[in-house]
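Each chain carries a letter (A, B, C and D) given by its place in the written order, and its residues are counted from 1.
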Amino acid sequence: MDKSIFAVVGGDARQAALANMLAGDGITVYCAGFEQSPHLLTGTASTDPLTAVLMADTVILPMPPTRDGKTLNTPLSTYRIELDEEFCTALRGKVVFVGIAGKLREISPNYAKLNIFDYYANESFLVRNAQATAEGALAEIITNYPQTVCGSSILITGCGRITRFLAPMLRNLGGKVAVAARKSKDWAWIQAQGMDSFSFNKAMRRAKDFDIIINTVPAPIINEKFVDGVSDNAVLIDLASLPGGIDFEACERRGIKAWRALGLPGKYSPTTAAEIIKETVMLILEEE
Amino acid sequence: MDKSIFAVVGGDARQAALANMLAGDGITVYCAGFEQSPHLLTGTASTDPLTAVLMADTVILPMPPTRDGKTLNTPLSTYRIELDEEFCTALRGKVVFVGIAGKLREISPNYAKLNIFDYYANESFLVRNAQATAEGALAEIITNYPQTVCGSSILITGCGRITRFLAPMLRNLGGKVAVAARKSKDWAWIQAQGMDSFSFNKAMRRAKDFDIIINTVPAPIINEKFVDGVSDNAVLIDLASLPGGIDFEACERRGIKAWRALGLPGKYSPTTAAEIIKETVMLILEEE
Amino acid sequence: MDKSIFAVVGGDARQAALANMLAGDGITVYCAGFEQSPHLLTGTASTDPLTAVLMADTVILPMPPTRDGKTLNTPLSTYRIELDEEFCTALRGKVVFVGIAGKLREISPNYAKLNIFDYYANESFLVRNAQATAEGALAEIITNYPQTVCGSSILITGCGRITRFLAPMLRNLGGKVAVAARKSKDWAWIQAQGMDSFSFNKAMRRAKDFDIIINTVPAPIINEKFVDGVSDNAVLIDLASLPGGIDFEACERRGIKAWRALGLPGKYSPTTAAEIIKETVMLILEEE
Amino acid sequence: MDKSIFAVVGGDARQAALANMLAGDGITVYCAGFEQSPHLLTGTASTDPLTAVLMADTVILPMPPTRDGKTLNTPLSTYRIELDEEFCTALRGKVVFVGIAGKLREISPNYAKLNIFDYYANESFLVRNAQATAEGALAEIITNYPQTVCGSSILITGCGRITRFLAPMLRNLGGKVAVAARKSKDWAWIQAQGMDSFSFNKAMRRAKDFDIIINTVPAPIINEKFVDGVSDNAVLIDLASLPGGIDFEACERRGIKAWRALGLPGKYSPTTAAEIIKETVMLILEEE
């Protein structure tokens, strides 16, 4: 598959960086939805969304493509790009890349029929994205927690890709890290790296022991009862995709510092995040 | 399931340690097949295999249960324990634990009908076993390679559980580690930890660059052509289960140091290895 | 030595945290110079500087005690506290703790005669402060550099305490770390941990190879010639105490991102930073 | 200083490897004292000790040069090489390299007058040697301790170079590491890396908590009283140079496994050990 004209439409700083990077590789790139990008889009042709799509044979949409189910996710633009039938028609016959394809397919039966590839369903993408997320989480923790990670007691709930990067990072800084997980095989992985691991129930019983609590599970794990048990000086950070897993109201009621940290790769490592999408897209194009 | 009488029949130092450990927990344990164990079996009743099985309601056999398909795997005994129909009849109605159950089921249709649980099919077991294997491999490498790991260039072929423990261990000692793997998602995992990763083909092309080559794949990866490319001073170690993946004849022809390292947990960490089996058995018994 | 009344006068967030911490330990604490502290000073008596000093038998001054050689270093106050003879007289007969005592002694012969203890000259303090500095530097790098540390090529100039913490931290995140130093014994330490190390001259010759350049030497190491050699996309961070070691004008001329990061423990880990001062002060009091 | 003819006289496998390595660099090398070396000395001229010394302008003696104060340290030879006045006369006017020069100077006033350089007094040598020692100690521990390092509780006494390499190595394998040391600045270094550190007295009080106890201090730290307190299953390893610091008789009385591990770089990494000596010698020759 030899696709030489790309459109990058919508998304945050990493999509803007992606457009630049493709242009830097000598690819013709049409852009739309980046009016407020702090970075110049050099070597790309900025235009309106429909034109961008129509000019290209490969279209790259953001992750997620929409937050409201109706318009494109365009945090760097004040214009609304409607995900209507006209836009869908423009996409027809193109190779459409998107993160979390289901959100696009749900819009209408015609959207579902498009030739969609989901870069967010690619395991290599997810691994590299998790590493970038863990680095961002590290910066968030160091910045928002008034002690050093070294010497602190840290709980991470959930044992997916992010945890597998973040737990050793925190341990290497000198933190005492415990991971709460559901499956005994996850306990084994963590314990075999010299960290503590146990059930969510045990985590709740031991809640007061932790200085830093990091949730990665998109389910109400750190619920009101859990929050009631944590130490006054603890900080809580929710890395799980919406709706997350921390009861923020309960935290506020107790005066406990808690915050949501989403889109960390785009925030802390936009260039790498763009590169990861680019390489995943190119790999998928090659394999087709 | 409340099983109070155990038999531990056959196996290496870790099965002997397992018998001791169960006895230490106050469990009645009958043993057979450990006449030449360097460690005393204290608190257990040593007897012949048939009696041991008949007295128990839970029987623990080794991993693998047999190497020749006919007799029990008993490296610590000079007696042959035939896996015949009489032995099978004795096992009937018992809870039988074994590592690599297929080897037992293949013996005869009656063996296949036994109530068998495979501790080697348990993910927690495999993870902890892989960690113990990686520690043993580390000792083998330090002992047999005349330079320090620090500053050496190391190739690991395959990216399974053992590699996921061993690669960071070697990197933490200051080695330059590269992992050859088939899947791009494995490359991503390794690269996201700051190590190099690429295809088997590239590994072969770069063969001469490595001081230490560690195979974990039970397939002929380090074949004659590969061996022809390695440096004169390289050492090769095969951790893969038989038939392994290194062409030892080709190594010998070139005068290159190469060796097979199997059963490392039993050799380097018999107590931990026994503990891992015990905990897996107990977990399976609880869940039944 | 049993000193029960403390004064904490001047300094940043960590001195404010220190006052709170001492009060939390049941010690009587007089404070001055924290009118703009974002954190409440609870359990302490806020007053004017002279009164605070006169009421106490142990006085804790900031690090450094003065930036202009005339007034106390009070970033959290708009009032000027003159380091005049009256203030000096008030300090007479007290146990005076300060960071970088020379700055206080230089003010006048009478200041030099005070009973001064320098917590910044204590090796344990410096080690713990270096660890906190390294954590803060990590956050600064992740936040200001648009790629992940993983996969980046990093140069650290100088091989003191901060480098000994920061270099392995960055390496553990997957960065390729090199340390430029003057002494071959420092090269040996770094190389023996599996990182690269070489002379400042070689660093300059290889300047274009690095994505992130971190200076820790308070001498003009990263001079105009060096800056001329670095890559367009490199970022430079100066951790060395003033005047630092990076030619910022040269960086600006080339449009290269460069910044100074000072007082990182107070900025990123004020509670830990306060704790380190407290423990050092208490240790010195005990030993007297 | 341009010295083209070397003699390598006496020593273990690393001195043999050193002779080979120098010959491989195109240097003329005379050897003596390696009749029983398992490795061929290729490209070198084997001769008697006096001839070797007389032919060379640079002589490399082992570390230590003598164990009995009278004869050369020649573990790879059955011949005794007397350190008498004749041998001393032969060395006169040569550049003599030796490890622990004091042992040579003590022999007689004439030996003390030789032109001696001590490679063992070179900081770079000591650092690299400590790293090699730590790798060897790791292999000794994995080989001789029946559990995995992962999950074990480990005490290291002393906080010199070896400990600074070995402690993080063991921690990275998943061990819980504590370091007993005399100075609070050492406690700070270890704690700031996320490990435990305390006084020798506290170590003795907590003796029973450790599975593995490693001594690096050449003083009676692990005395009878200490040994009385350790757990029945503990293993003790003494890395300190003679007389070491463990009361082996007390260990034997209690039936506790304990052993002395000396000369680890020569045993586990002879090639690297030789390289370290070679580079140190060359550096010293260059600087002269």
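Methods note: a residue touches a chain if its C-beta (ideal position, glycine included) is under 8 Å from a C-beta of that chain, and two chains touch if they have at least 3 such contacts.
No experiment lies behind these values; they were computed from the predicted model shown.
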Contact distance in steps, from chain A to chain C: 1
More contacts between chains, B-C or A-B: A-B
Chain B and chain D, separation of their C-alpha mean positions in angstrom: 35
Averaged-CA centre spacing for the pair chain B and chain A, given as whole angstrom: 38
Inter-chain centre distance, chain B versus chain C - centres from mean C-alpha coordinates, in Å: 51
Interface hub residues of chain B, defined as touching at least two other chains: 131, 150-151, 172-174, 191-193
Complex contact set, residues of chain D against chain C: 123-125, 127-128, 130-131, 165, 184-185, 187-189, 191-193, 283
Chain A-facing residues of chain D, complex: 150-151, 171-176, 191-195
Touching residues (chain side chain B, partner chain D) in the complex: 17, 131-132, 135-136, 138-139, 142-143, 145-151, 168-169, 172-174, 268-272, 275
